[in-house]
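Mind looking over this structure? Questions follow.
As written, the chain order gives the labels A, B, C and D, with residue 1 at the start of each chain.
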């Protein structure tokens, strides 16, 4: 589903953020992406949904080479990818309902239908009572859950979640992670960037570890090594 | 992908934007209103100048001096021909001419007392229609008339006509120039304001794109907002113009009355101007928003 | 709490703001520039109208008819008195009067051949200084002169003077009105733009307050930016006015030449106007920013 | 240092966010504030540094009643309080250096001195190499550390840290918490709002637990109870 070949990303004047990253995430996989602050996790995700272009290397997402995609095709690519942004990126002057509905509006879903789906989604993240609030009036954790709802509401084929539980209490963290697992079971490929070591422990999924822009470990490979070894 | 569903989404989105973040909209409407108001006044001003020129034009006079004792039939033919071309024609008899000269000379008129009973020749005074109020045309007319049997000379105040023509040209060009400047200023200022209004909301544009909206989808609500802003601005301008019409125009008109200029107020008001202003406002708002949001999308 | 340290911080902050987020500044400068440019042209226009009126004023003529054979000494006393009040005085002898009348009557002049050798009385023609170009003043002058010994009559073209006065009033009021509108529009548009420019940065204001900045501390860099914007806008306007002066004024001046109006370009250019425009720009920028940032601080 | 008496905060149209909160934090204390998402932690902190006024009740901070403070005195109050905002609140168009220096600029500290102090602070949070970057070009964890540096650079008497490690990896989290402890040892009163249960475990400080706007437990009191019991 997601393949990276020798991907390097550098911003002018700075040392490269990602260096020669090779990676394959299969359809239906659930992957944790971890690593210290500034390792390049967010940057890697941004490359996948085409918010940045790689400096070198190729990236295939669902078979399309996003390193060479036309600007006009980007929106259609993104509609299949749900993203939980680390910094939320909510529309500040739209209600929670409209923020979540936005991904459906883009697809032309009629309001009556989308409203129902949005409310169901908000209920899943425990925010049905905040549907008419503006994001600025929500707590950090509430905003984060709105973003999660927005990313999931249109049943994306890929879900990229960047630190989706950084502002959530342990109880909610488990609830949200369980929700992501459920979505994964229904077929969505899920990539979760996280610092939370307890999550990696608890969920025993594939873990890709980045450090200074390089993949330093990948449990899928080590397992393969273990199996062959 | 129902078109109706989308249109509804766009309108909802536009109205929500206005409701939850009114400030940039208010500023945009205000600027549009001021700009259109100034433009409207400028247009009224140039119409007033146009009227002024037309009324000054009525003062162009041509005197056709006739041979004393020319046959009345010839004079009548000449008059009829001139009337046919749109001129106002009035015969001034020698007696009338003397009376007028007496009046004009004032205290010096005593000197005329020694004159013969009919010392001044008869003449035709012509009122010149607008199409002929032009030095070149009048010169040609004068030459033509001079060749007619009963005519001894044609006096068309060459200097005065040229002076008037120059004045008309100067005012017209000056007015046009001023109006063009005003129009450019309006367009630049309005587009700058809309750019800034949308710049204040660039985050929104960015987020919408990140969530998978096409450029067209992002743009649509902004266009609706631009349209509404333009029309609201035009309405504001109309209110301002109505106020001017009511409070300021009457005293100005009294001042201008002697010039026999028809009320420039007429130019300010009326269904046609109203619709025009609304149209210009809508167009400005739409176009300005289009450019501004396109710029935000490129960024 | 060194004042110098703070001033340095404010300037650094203002310049950083401009460097890292140039767009709202560019728009503010553009709007200020356009507004000041329009204002500058408006001012030049009203000066041109003023000049026009002054040159039209030179056409006010007063003719003082003298008794034929009045003692030369009396006439000299009268002339001297009038010159002392600022009038231009020219004696028209009877012969000169006849010559002029002949010229004026054109083809009808034959009729004058029968006149006595000196049929017209002598007269003084007065050039009226600006202070006297007013129907009321001239009427009083006429009454006064009429009572002098050598004077038979005073002819001051009452209708023409009143007409001219009305035209002057109308143009002056019209110009003043237009300029006032332009000024108001400038102030409103500029302050709207600055409000919007600072609105686009309201987050900054909010954060600074949260971190313990006093209102004055938040405001200072914005005031510096406003000052710089105002002066940059004025510079832009000056460039525009220079361009007008260079490309547009010469043809307009040819058109206006017959009116003997001194170049309105003179009003556009020169050290004093330049400084004035810069001052107005700086003031507008400063005041606009002050209001806008105060508004943002209250929010 | 911080005292709250019967504090209630409600926004019009919503159920109260804080209800009858009574609380005393002594000078030099180190307190964790915890509780589920939306419990009112951020709101409580905002009341302390006067970003909101309580609907009812009194709040004393350093002996001043902030429920009745004049608007003009607020900046001077805030200069003694370092705040790590949950949503960072960095000036987007100033460099990291200038962002951190801002708290010193406000005090009129000369640039030469402030520059030195800022760089020392940035080094402590591991960001000396990002001093000239703009915040938008930093990773989530880097931004968070800039905010921590800004809050600490002027040696505040009170430090309010709202979820200061939500975007940090476990290694950095410990580093930052150790830094806060050190600051606390030097005399600063520290209040840390956090979800991270491992922190509560590891540091064994006083923990105040909020739920739905009420204080449901406070280890200081329970200890007092235990001691008297």
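Operating definition for what follows: a contact is a pair of C-beta atoms (placed from the backbone, for glycine too) under 8 Å apart; a residue touches a chain by one contact, two chains touch by 3 or more.
Small disclaimer: the values here were computed from a predicted structure and weren't measured.
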| item | value |
| --- | --- |
| Chain hops separating subunit C from subunit A, counting only touching neighbours | 2 |
| Other chains in touch with both subunit A and subunit D | none |
| Most remote chain, CA-based centroid, reference being subunit D | B |
| Separation of subunit B from subunit D, taking each centre as the mean of its C-alpha atoms, in whole Å | 67 |
| Separation of mean Cα positions, subunit B and subunit A [Å, integer] | 62 |
| Averaged-CA centre spacing for the pair subunit C and subunit B, given as whole angstrom | 23 |
| Residues of subunit D touching at least two other chains | none |
| Overall pattern in which the protein chains touch one another (line/ring/star/complete/other) | ring |
| Listing of all chain pairs that touch each other, if any do | A-B, A-D, B-C, C-D |
| Interfacial residue positions of subunit C with respect to subunit D in the complex | 1-2, 5-6, 8-9, 12-13, 16-17, 20-21, 203-204, 206-215, 217 |
| Residues of subunit C defined as touching subunit B within the complex | 23-24, 27, 30-31, 34-35, 37-38, 41, 45, 65, 97, 101, 105-108, 110-112, 114-116, 119-121, 123, 152-153, 155, 163, 166-167, 169-170, 173-174, 177-178, 181-182, 185, 188-189, 192-193, 195-197, 199-200, 248, 251-252, 255-259 |
| Subunit D residues within the subunit A interface of the complex | 11, 34-38, 41-43, 86-87, 137-142, 144-145, 162-163, 166-173, 195, 197-198 |
| List of subunit D residues in touch with subunit C within their complex | 49, 51, 72, 75-76, 78-79, 81, 83, 85, 89-95, 98, 102-103, 105-111, 134, 150 |
